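Two complexes come next, and they have one chain in common, chain A, joined by chain B in the first and chain C in the second.
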Partner chain A sequence: MASEALPSGGPPERVHGRRLFVIWAALTVVGVLLIVFVAGPHMPPGNFSQEARDQRHINILLAALAVPVLFGVWTCLAYIFTTFRQGEGELQDGPPVRGHPRLQVVWVVATAAIVLSLGAFGTEELLGSAKGAGGGQGPDPLAVPAGQKVQVQVIGQQWAWTFRYPAYGGVETSQLALPEGQTTELHVTSLDVSHSFWAIQLGVKADAIPGNDNVAFVTPRHTGSFEIRCAELCGLWHGHMHNTGVVMTQAGFAAWIKQQQAANAPATKTLPPYSTHYFPDPIRRAG
Partner chain B sequence: MSVGAKALAIGCATALAIVLVALYIVDFLAATPSTVKAASAPGGARLTLQTVASYGHSPHPDWVSYLVQDGGGKWHHTTVFKVPAHSLVHVTIYQYDTATGLRNPFWSQVRGTVGGSMTVDGKTMNALNPDLASHTFAIPDMGISVPLKGVADDAKNQCSVAPCPLSQAHTTVTFTFRTGKPGKYRWQCFVPCAASFIFGNGGPMQSPGWMDGYLVVA
Partner chain C sequence: MRPRRLVGFNLLSATLLGVGGYFLGHWVGTRLSAGMDSQIGTDQNDVAIFMGFLFALLGWLIGLGFFNYPLARMMGRPPSLREKEEAGSGRYFRLCTDHKVVGLQYFVTVLLFFMIAGLNAMFIRAELLTPNETLWNANQYLSLVSLHGTMMLMMTSAAILGPFGNYFVPIMIGARRMAFPRLEALSFWLVPPAGLILLSAVALGGFPTGWTGYAPLANEARAGMDAYIFAFGLIGLSMTIVGANMIATVLTMRAPGLTWNRLPIFVWGVLCTSMLMVLAAPVLFSTLAMLTLDRTADTSFFLASAGGSPFLWDNLFWFFGHPEVYILALPGFGVVLEILPVFARKPLWGYRLAVAGMVGVAVLSFMVWQHHLFVSGINADLRPFYMLTTELISIPTGFIFLNGLGTLWRGRIRFTVPMLFALAFFSNFLIGGLSGVFLSDVPSDVSTHGSYFVMAHFHYTIMGGLVFALFAATYYWLPKMTGLQFNEMLAKVHFWMMFVFFNFTFAPLFAAGMLGMPRRVSVYAPRLQGINIFVSSSAFLLGVSMLIFLINLVYSMVIARVPAEANPWASRGIEFQLPTPVPVTNFETTPVIQSDPYDYGVPDAVPVAALKPVAAPVVGGGST
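This part shows the complex of A and B:
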């Protein structure tokens, strides 16, 4: 094999090209099928919310697009290493490389097309879907879903998350509960340092910045629980800044919020009026 | 210098650097405050704590801190407390610090204690004016949070060196909670009480042994 592939006396260039193409195409077909039908259904963040489902579709698409590139590089390297390896006893330079304009044009055009297409696709997912793909969009979101939304404020502080429901008397709770099938408008903020609100299975991730209102949307598709973590290193107990959220039926949510209003009534009386952000007060002595 | 000598010198220097880094890491990881076992009490344990505005000793004489009393009445500067599992823990906190105020009034409510209440100088309460809070004793994973009322700013005879005696200005907070399964639960103060640190969150707020620690349930 090695002697056949040597520059002198080996098969012509187009034979190598054909072989490479066949190997690459076969691997790519198998790889894409595996990504789409075997790995795809298990890809994060899952299927818990509309946003999570969209993100999983994007992850599958990106992984499938990466397969031809990955196998293109690996196939070329493996083929070159095995076929054009210099034989024992001989020591000679390889043929001079003087450029290949057609290949260069194809390479530049193809990679530019992939990058620009992905840019357009990402923009459409962020804006055209009118959901913002579950990410924090800042105080003035460009992609706002239509219809009625439940508003929940997510408040980060060292080292706990609390959740405020302005439509229910401004009650603040230590657990996040959301109604199934209804879009929730999350207003993420912080009372001290920067945190990052990550509701993993819901596909929501939004920075919690003091004095800032970071808006994200999520529409849970079914009931169940999900993990909440801080995704920004925020100090000593950052690793403990986790929680478990719940998606409930609409009736269950109505009962739960009533229960929370009663249980947290003493604290609710002392809370400041609802605001989209709070500045880190008090600093009577500290700071 | 010969090539062999150079290689030996580089090898020795590298080995020394690795040893020093390893020692630093081990020292950092092993530097946990000591554990004090809560005193026995009917049905469980009795945990007696105090908070002080300034510890008064090295290495940080001006840092705010918690202290714990052992069964023999001796005060220890540590924040790792051992209590029995599935038991009642009766807590008494002598609060010698003045108020800073809660950044989030959510923590002004007493949560997770028996009866959802505490006593402050003998008076039963289920919440505190958030501006009067000096510290909190909160164990988030157990759902426990108790705000601690601060001493008046103009109180006479304020304590500045730990451990503080009962003859100095303080408030006394008591409450009882029930422990569950064995485990190591972190606890912390939710008041930004670290004077002279940005937003009151540095120094003692970030250091076990001062305003954070563990409740070892065994």
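This part shows the complex of A and C:
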């Protein structure tokens, strides 16, 4: 390479390159191992549902891919800072190199390859293996998990969540309960402004938009409770729009929903018929 | 100042006419809306408030004398050319068409509003020390969040193009002025009323939507929303004017010899940003106009219950909003790539790649907006497309990193304050970019969307990127603009505190977001209090570092006043070949550009420009 004959002092390019590579490779190996084996098992959103586990795997993979890039740039910067300094009180120019066509081509090809494979991988995960990954997919979901599904409608309004079970006479509850090990089909909508239904540990997020039926799927893997929060700014008490949901055994769920149907029967009669969306009265200015 | 000067067209008359205009407009609006049902039954009349803002703006512009020139021409009188005045500190408080005056006016104004928005951030962090509402009630907290976000977005749009673009682009291209000097002045004089009107939201009860202004929440919000709409609209107008003016200037006013591959890279950054501004800002303006109609004339563009759609707002807003974040990032790219060669004493490495990177980012930025709507339920089939386009942006962004590393490699690096800020830009923007990959990947975005992960991501790109580049530019160019040196010790303290506490503030927020903390809440899960206490403490120290900058600015520019050399950095940039202070006409005669400004290390390099060209100027040459 021509640059080795440059007037600037120091060892030739290939010595720098070898040192850089060794430092970078060592850091990357340690970093990736730490991400995968130490941080990985604790990576959010956890293992509560099939969808959460898929997201966790993707988060681990993306973090592990970020490590070589991060350490690549940091190692180069740190190496440059320690090696190519201007001496005290000096003002000398470096070599007038204006580029290196081969390196530039390699860089463009390498970044393009990484990016295209990321795009392909993400698409495969979204539509293939992860089946929508717990995200809202609109009224006609493209990625649908196989098997029987429990339907639950999630209705957002300022500032509370209501849950409606159309298969059980359209009963409405203020607490969300899901059966363990079975896929739930969530239909998220809103009565007033835009909200976003976020079941944190389940790895579900779907915006609640008035007039829209936003479908998301979730398959809880074990019983327990999870947090629900609104993730889209919806006005004054947005921060208070949280709730706790539970995943029950299938028998427990059957008993619970029967109890809800009985307790809420008078209220259920006065509700509007089940629909994928409801329009309340036109919004008037507050105040 | 003599009394005659006070009475003329200046800041004082503009303020008086602006305030008077508000009350006149309010009265007109009240009369106009007398029979409108939608305004009855509320204690705030939106028509009156909008008319108040409109008349206030007109009063402000009349008071500044923006109509003097066209009126005089229309009536066949010789126009007064007071806006071209060349001396005296009074011109900083008046309509002035000298691009160097406009640059300094922008600098001070943007800084002032930055401080207000930064103070809001401190108030927000103080509230988040506890997981419950303690310091502010819900409305005060949301208003603080909304004001912080909107003010920052409004001011960062102008942060580099305003002060440094206006001041240095004409000089760098060897021109004496911008293509449209009166429009240039107008673009600046729209910024103070925009900032003040936004602040007036406090008096109108605040507004609850954050800077994104999502409808239909914005339809039902109280009158503070009108202030958001009008102020953001003014900034949209100002951005469009700046963009058009910059494009015209760079396309038509370059000095002889300044070919496209000799153009300083900062000017390329400004040019790409300007392209984004003229294409994106009008969309913001029209979207806000629709919301105005919804709120005043009872239309229903965004109301699902009356045939409109909230998705219309989401799409239009992000069609502006995503290019907007590159409007913030691209000038930063330009600044750091302009500064690196000076302090590495090497030519910019891969000039064409850098230009390709900026153009590539600018083009792609219009094709990614629906990644803000991955879980919204709209066009779910298109998610793979937007995932791919979003990830593609990292290719041209990567070019900028290769340019940076290539320029530094085998350089003779001087760790001056501007260089430290430029280098920190790379570290911060890298983290911002890599976290963006998580958000672009749909399955990962499901858990991170709308959480503090997003908030940390864009603070890493905007504050870690743009604001660090802004300080690099300030320490690099302000001594040239004012002729006064900064105190270097205070500047270094500022840098190290800001760099350390910036990272301490925002890095933990990635974790907070992934663990389940939504944005814009004052009530969060108690299990996250530990992270938040750490973040708030770091944020306060980050605030202290800004205070140190302010102290340094006042101490260096007002008290100590140590004169700066004409070329303190031994830069080859043409702006540093001019005397300090830069003469009003910039150049005695039109300069002839002989090379790009990066010929470091080239033996017998010719000067970047022949400032007083002889009969037969040397064109070409330079890089051998």
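By our rule, the second predicted complex is superposed on the first by the 269 of 287 C-alpha atoms of A that agree within 3 Å, B and C clash if a C-alpha of one lies under 4 Å from a C-alpha of the other, contacts with A are read in each partner's own complex, and residues count from 1 in each chain.
By definition in this document, a residue touches a chain if its C-beta (ideal position, glycine included) is under 8 Å from a C-beta of that chain, and two chains touch if they have at least 3 such contacts.
Model, not experiment: these values are computed from the prediction.
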First, second, both or neither for A:Pro11, with chain B first and chain C second: neither
Contacts of A:Ile58 with chain B and chain C, given as first, second, both or neither: second
Partner chain(s) touched by A:Asp192 [first = chain B, second = chain C, both, neither]: both
Of chain C and chain B, partner touching more chain A residues: C
First, second, both or neither for A:Pro41, with chain B first and chain C second: neither
Chain B versus chain C as contact partner of A:Gly128, first or second or both or neither: neither
Which superposed partner A:His240 touches (first chain B, second chain C, both, neither): both
Chain B versus chain C as contact partner of A:Ile209, first or second or both or neither: second
First, second, both or neither for A:Glu172, with chain B first and chain C second: first
Partner chain in contact with A:Ala267 - chain B first, chain C second, else both or neither: first
Shared contact residues on chain A - chain B and chain C: 192-193, 235-237, 240, 280-287
Partner chain B, residues of chain A touching it in the complex: 155, 157-160, 162, 172, 174, 191-193, 235-237, 240, 264, 266-267, 269-272, 280-287
Touching residues on chain C, where the partner in the complex is chain A: 38, 41-44, 133, 138-139, 141-142, 205, 208-210, 212, 214, 216-217, 219-222, 303-306, 309-311, 344-353, 373-381, 383-384, 387-388, 391-392, 394-395, 398-399, 401-402, 405-406, 408-415, 423, 426-427, 430-431, 434, 437-438, 440-447, 449-451, 514-516, 518-525, 570, 599-602, 623
Residues on chain A engaged by chain C in the complex (per definition of touch): 3, 6, 8, 10, 43-45, 51-52, 54-55, 58-59, 62, 65-66, 69-70, 73-74, 76-77, 80-81, 84-87, 90-100, 103-104, 107-108, 111-112, 115-116, 118-119, 122-123, 125-127, 130, 133-142, 188, 192-194, 196, 198, 200-201, 203-207, 209-216, 227, 229-240, 242, 279-287
Touching residues on chain B, where the partner in the complex is chain A: 98-110, 126-127, 129-131, 140-141, 143, 186, 188, 190, 192-201, 205-208, 212
